[in-house]
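Scrolling down, you'll hit the structures one after another.
There are two complexes below, and they share chain A, which is joined by chain B in the first and by chain C in the second.
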Partner chain A sequence: MGRDNIAARPYNSALMLSHILRRLLAAVPMLLAISIASFLLLHLLPGDPTAVLLGQEATPEAMAQVREELGLNRPLHIQYIDFLGNVLRGDFGRSFFSGRPVADELVMRVPATIELALAAMIIASIVGISLGVLASVKPRSVVDFACLGIALIGVSMPIFWLGFLAQQMMAGKLGLLPFGGRYNAANWQGFEPDTGFFIAEAIFTYGSPELTLELLHHLTLPAFVLATVPTALIARMTRANMLEVLSQDYIRTARAKGLAMTPVVIRHAMRNALIPVITSIGTQFGYMLGGAVLTETIFSWPGLGTYVVQAVIILDGKPLQASVLLIATFFVVVNLLTDISYSIIDPRLRHKGAG
Partner chain B sequence: MKDTLKFFMRHRPAQAGALLVLLVVFAALAAPLLTPWGPRESVSYEFFASPSSGHPLGLDGQGYDLLSRVVYGARTTLRIALLATLLSLTIGGALGAVAGYVGWWVDLALMRVVDFMMSFPSFLLAVVMVALLGKSLDNLVLAVGIVGAPLFARQMRAEVLRIKSMEFIESARALGYSHLRIMLRHVLPNCLTPLIVLATLGMGGAILDVAGLAFLGLGGDPFDPEWGLILKAGWNSPTQGSFQVGVAGACILGTVLGFNLLGDGLRDWLDPRSRQK
Partner chain C sequence: MTRLLWLAAFAALVLGVSACGGGNSGLKKVGAGKSILVLRSDKSDNLDPHSTSSGGDVRVLSMMYEHLVSASVGTAEVVWEKKGLAEDWTISADHTVYTFKIKKGIKFHDGADLDAHAVKKSLDRMVVENHPARPTERPYRDSYFKDIKSVETTDDTTVVVTHKSPNPRFLGTLGIHSAMIISPLAIEHLATLKVEERKAWITSNPAGTGPYTIKGGYKDGTDITLVAFDGYHGGAPKVEQIVFQTQTDMRTRTQRVLAGDVHFIDSLDPPDWESIEKNPKVTLYTWQGQNLCYLAMNCLPSDGHITSNRDVREAIALAIDRQPFVAKFAGRAKPQHVLIPPTMLGHPKGYRPKADSTPRAEALERARKLVKDAGAEGKELKMYLPDTARPYLLYPDEVANFIQQQLAEVGLKVVLDKAPLAQLTERVNKGEYPLVLIGWMGDTGEPHNFWGPLLSGVDGKPAGNNNTRFYHADVAKKVDAAGVETDLKKRAELYYELEKWVHDEFRPMVPLVSAEQSYAWVSNLKGVEVDSTGTFRFHKAYFED
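Moving on to the complex of A and B:
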């Protein structure tokens, strides 16, 4: 079964637009379901929020008053509509633990995770794709075995163990990189960013190269550790796709025309082989926005993952609810964008419809 | 059967995987024979003592024998991962089979549920499940098992759809067999192999998830013999506990690697394209 050179096919914008619209529409019920689930989550959590607020010695009258104030004795669907309204206004309630509005905490934590996930994704894409391409060009070479080995160990590695080893080595023994955290607060007391996008703030608001370096210095180790699994997956996938594409007729034709191997690999093979890899990079990124839990914990990274774990351990409902809602929404949006970009890159999709 | 053996004899990675898995299973089964101490038996007050002839891996931070902790840990970890994988297989398999066989709106509804569950990073979903269920090793089974189900559901549905359109199913229907009989006797047995591959690979993932959740402190009792907890305990005193962290991590890596190699081997065996090579 021969695949033709799909990257060379023409585009049809009307069909593509309808595909994109259909995808957007399909995401709406998903987002609604996510909002309902995260709303119910708060009600399903063990423990009574009023009892948590007032302590064990609360009188029934005081409890009833708090329930009234929190709106907990109204019908569930009314509460849900209220919740949805609040969320759309950016009000996620208050954390029982810190007493601060959850929205204020998320403004710091979400960007921290985005920064980390972006860095990891860049590392994973560069390393994974290069490894995969090099391995496929020379099958059964040292590079190929290295690629397979990394791909296998990468997905089998307990990330918290790798994190520990990296910390002990790079931060402990060699003293090259810091153990954790985003920056050394003691040295940068004038740094009071408005959001958690520290690197962007350091560059644009503060214009301080030293601070930017300090932040990057702290970002390096966690980003590399977080990149392990996606690097393995991307390398494996790139290698498999490249091997398949390189065996196609049009590659042989290109070679027969007298083209050298390098341009054939870059212009003909990679363009076709990387289409599915891009989707997988998108999905991986979505996973990382919420799935960086372990890496964040190891490196005391104040992101969304550590926020969720902390909320689970002390059963702090509102932060948990808000994080779940946000992470699932991110995930759907990232998948949607990946899907749309996929349909732009791969014109074949148009002929299959929305399936 | 002869083919299988021949394939296995030529597939080095699968052999390595099988060896690793057998080693861990043996350690788990023979735990009381391998070490005279129980997993929670205080041996001495020399916390983090170095390996000696009596204690091949030394002692941990509670003065327990580390080797006993690790071999009994193999029991705990394997038991939890196995139960979780079986749970995923059962729930996911049942959902996927019903969706694929019945079709129509049942398929649509069930697959929406699956999509919905997959709209959330699975490890984090497990963390949230533990919040709902309570922190304990037994609840990790439920959390990891439920979170893993959607993958099995998708695979099962695809298999059932493939088998359903085959001629022997049509003839079974022409003979007037009931849906239940066709499903259980004709469709399911033909779907099992790909699911077994998925379950083998799923064991690796389940072990990582269980250890990760325990590491985060969601496993309940921190002194239970479980690899994630052992690793965490060593982590908490990084200067003395490094060796303990190293041992526990190596156990997790080795076991997961074993299941992944074995699963990859099984998949190669099932995939006729790679079989010919």
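Moving on to the complex of A and C:
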């Protein structure tokens, strides 16, 4: 027989809720462990933060004074409790170098990365799924080989090289897209957004279609470059799953009943084949939120990735600590959401134990 | 088709919302020629002039703050001129008392008036040990301001600075960013804040007398927008705003200025200079920087490295061939054999230590013998190199590889250790490195700024930046004596003597090159001013049609 008609079974909402709650509870110790690890990171960094802060002319007296002012001479567990309390209040301390609250800097940096990652993920999902489906419908055809070839190039081409080439071609030779940056700041006066969600700010706070288009124009090239690897992965995964699903009996039955190929692929095959692809999209998105260091560097994109790299270079402990905490939390949250969405989408998980 | 219609409707909605939303936000498009986009290699984190030590910060600060003195424009050597906030000054015969006459009618960005009391207030923030408005760190205080006994005002326009001992270097000190003048109102406000909040506050609320300022606060270290200060005493700038963006890749910066996508860039790759010079779209500006790239050799016996043996250091000096380093700069760097760079006071023109004058074949043979006799053959030497390019060391990896190969020829095995610059001092002071590949940038044209931190020390110990760990009481005494000599000719002589003595007698370092530095800007941008310290300013800049 083909697949069990599980979709027809009654929906077990209590089971779902307990599944979600279990997942949420499991995330708490994970987040605590992350907080301890990121707290200890500051103490494991090479070099005395006060020496880093005071630079090359630090005297022992000046270092002692700064240590006192920053509370670095208190017992470790007290420092951790303070740290945790502060983090829960959204206070990540101050950058040693800029003296600014790290939270203020992250409010600008994290949204920049989210905008870029979101755009890249939308591109990767649309292009990747389309390529995968096209390839699977006509396996071993020219279309299939072309799609596989594109996917192979996407996975194997180093991002910095691709980014450089794309920049040379689209910005340098053709002049179609900008070299980098989030927008041409020299063109505008009075754009002082409170957060790094520039596109949302341009639309809702400033109401400027022209600035919105300029922001989208600047986002295009880095988003396409960042999307290459996930596009390739999604395309390959979609193709493999589609091929498996298309060989199932119920597809053959649907075709035998006289249904056209397109509705069969869209309504029947894709729905089943895309479930693991969605998990993969979630994981890829989690990676991207960690900051796409190379893409951000090539395109002068002031996101989380370049922020972390800069913090490592100058050994600025608090920004590094906050970024590690945030990136790890992103992963946990994205995984959690993927897990939950997976159980909502996949009826087998929804009804597990009910049949 | 229906889906496409939905998509179009969504796009129309977004643009519609953006067209209707906001409105009173003050956002406006700047016309062509009203804005300069600077694409630079570094970024700015801390715009408190008294607290920063970063070149990236200083580039931005120089647009917003001014000094009592002003560096000359168009001279190779730095000359301090009366074009700053002081219209005149007198110096006592023994160089302990400096009396400044402050210009009248100048306003700070926050509306405060500039007068002698404002200058005293600003200088005191660097001079007074526990000043109520001090930032968490004042990295230049010990070297430059600790020697000041008092800063007094005798009337509204006169400031008197008295030193504990003769200080012929003080005009140069007033030219560094730590002596930029901050508004008295801002300093009063800073005193009400917690110490760790102060530099962030002044970063967002600059209060200088310069032609540009930050409007609406400081958002992020990578993009900084400065707007013209209409009340600037030198006349309102023609260019309304300056935007600083960061791009660490040298080639991308160059391409963008060639494409006209940005207006001004720093630090170009020397092999590109020749073609850029011929390009009518771009103006290239180069100058011999006050910088030195050198190889420091650990001289301190208690650190336990073989480089504490003078013969090994001599062998290393003999083994080094500077030609590949100069070639990396496409010839736009001068081979260096002494500490002081070529355009500065105290540079003994044409002088070379004996080891550097030895013919190559003979030098290698002698070096091998010295290494063998010292029992150092095949010994490993850990060498620090910075993980980012510096103006005097654009390719740290390649230069380190050259050194590795050259020392291998005489039987020494160099192990490379690449690490952030921020770690260097602490690790050097722990005695970790026998060799350090690094450099030094001067900013005031003052030789004491090289001898004091790099080859001297205090209280019987090497100074904080002395990567050679070399300390010799007589050398330190002579460095101090040269630092307080008020006769320029005699000062230069004292520095010549030091160069001729220290390298031959002790050989603590191998000076490698002194590099030219560069800026480029689009050709229709006129009136850019670059002074003799390499600081660029735009207050007279404009775009030609």
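In this section, the second predicted complex is superposed on the first by the 329 of 355 C-alpha atoms of A that agree within 3 Å, B and C clash if a C-alpha of one lies under 4 Å from a C-alpha of the other, contacts with A are read in each partner's own complex, and residues count from 1 in each chain.
Here is the rule we go by: contacts are C-beta pairs under 8 Å (C-beta built on N, C-alpha and C of every residue); 3 or more make two chains touch, one makes a residue touch a chain.
Fair warning: this is a prediction, and the values are worked out from it, not measured in the lab.
Looking at the shared chain after the overlay, A:297 reaches both chain B and chain C. In the superposition on chain A, A:153 makes contact with chain B only, while chain C stays out of contact range. Contacts of A:313 after superposition on the shared chain: both chain B and chain C are touched. Once chain A of one complex is fitted onto chain A of the other, the partner contacts of A:33 are limited to chain B, with no touch recorded for chain C.
After overlaying the two complexes on the shared chain, residue contacts for A:108 are found with chain C alone; chain B is out of touch. Touch criterion met: A:202 reaches chain C, while chain B stays clear of it. With both structures placed on the common chain, the touch criterion links A:80 to neither chain B nor chain C.
When the two structures are aligned on the shared chain, A:305 is found in touch with chain B, with no touch to chain C.
In the superposition on chain A, the chain among chain B and chain C reaching more residues of chain A is C. Residue contacts after overlaying the shared chain place A:250 against neither chain B nor chain C. On chain A, the patch touched by chain B and the patch touched by chain C overlap at residues 46, 168, 172, 297, 312-313, 315.
By the touch criterion stated above, chain A contacts chain B in their complex at residues 29-30, 33-34, 37, 41, 44-46, 152-153, 155-161, 164-165, 168, 172, 286-291, 293-294, 297, 305, 308-309, 311-313, 315, 320, 324, 327-328, 331-332, 335. Contact residues of chain C toward chain A in the complex are 14-15, 17-23, 25-30, 35-37, 39, 43, 45-46, 48, 51, 53, 135-137, 139-143, 195-200, 203, 215-217, 219-223, 225, 227, 240-241, 243, 245-249, 252, 255-256, 259, 261, 263, 387-388, 420, 422-423, 425-427, 453, 464-465. Put simply, chain B touches chain A in their complex at residues 112, 115-116, 119-124, 127-128, 130-132, 134-135, 204, 208, 211-212, 215-218, 228, 231, 235, 238, 242, 245-246, 248-249, 252-253, 256-257, 260-261, 264. The part of chain A that touches chain C in the complex is made up of residues 46-48, 51-59, 62, 66, 69-70, 94-95, 97-101, 105, 108-109, 167-168, 171-172, 175, 178-182, 184-193, 196, 202-212, 297-298, 300, 302, 306, 310, 312-315.
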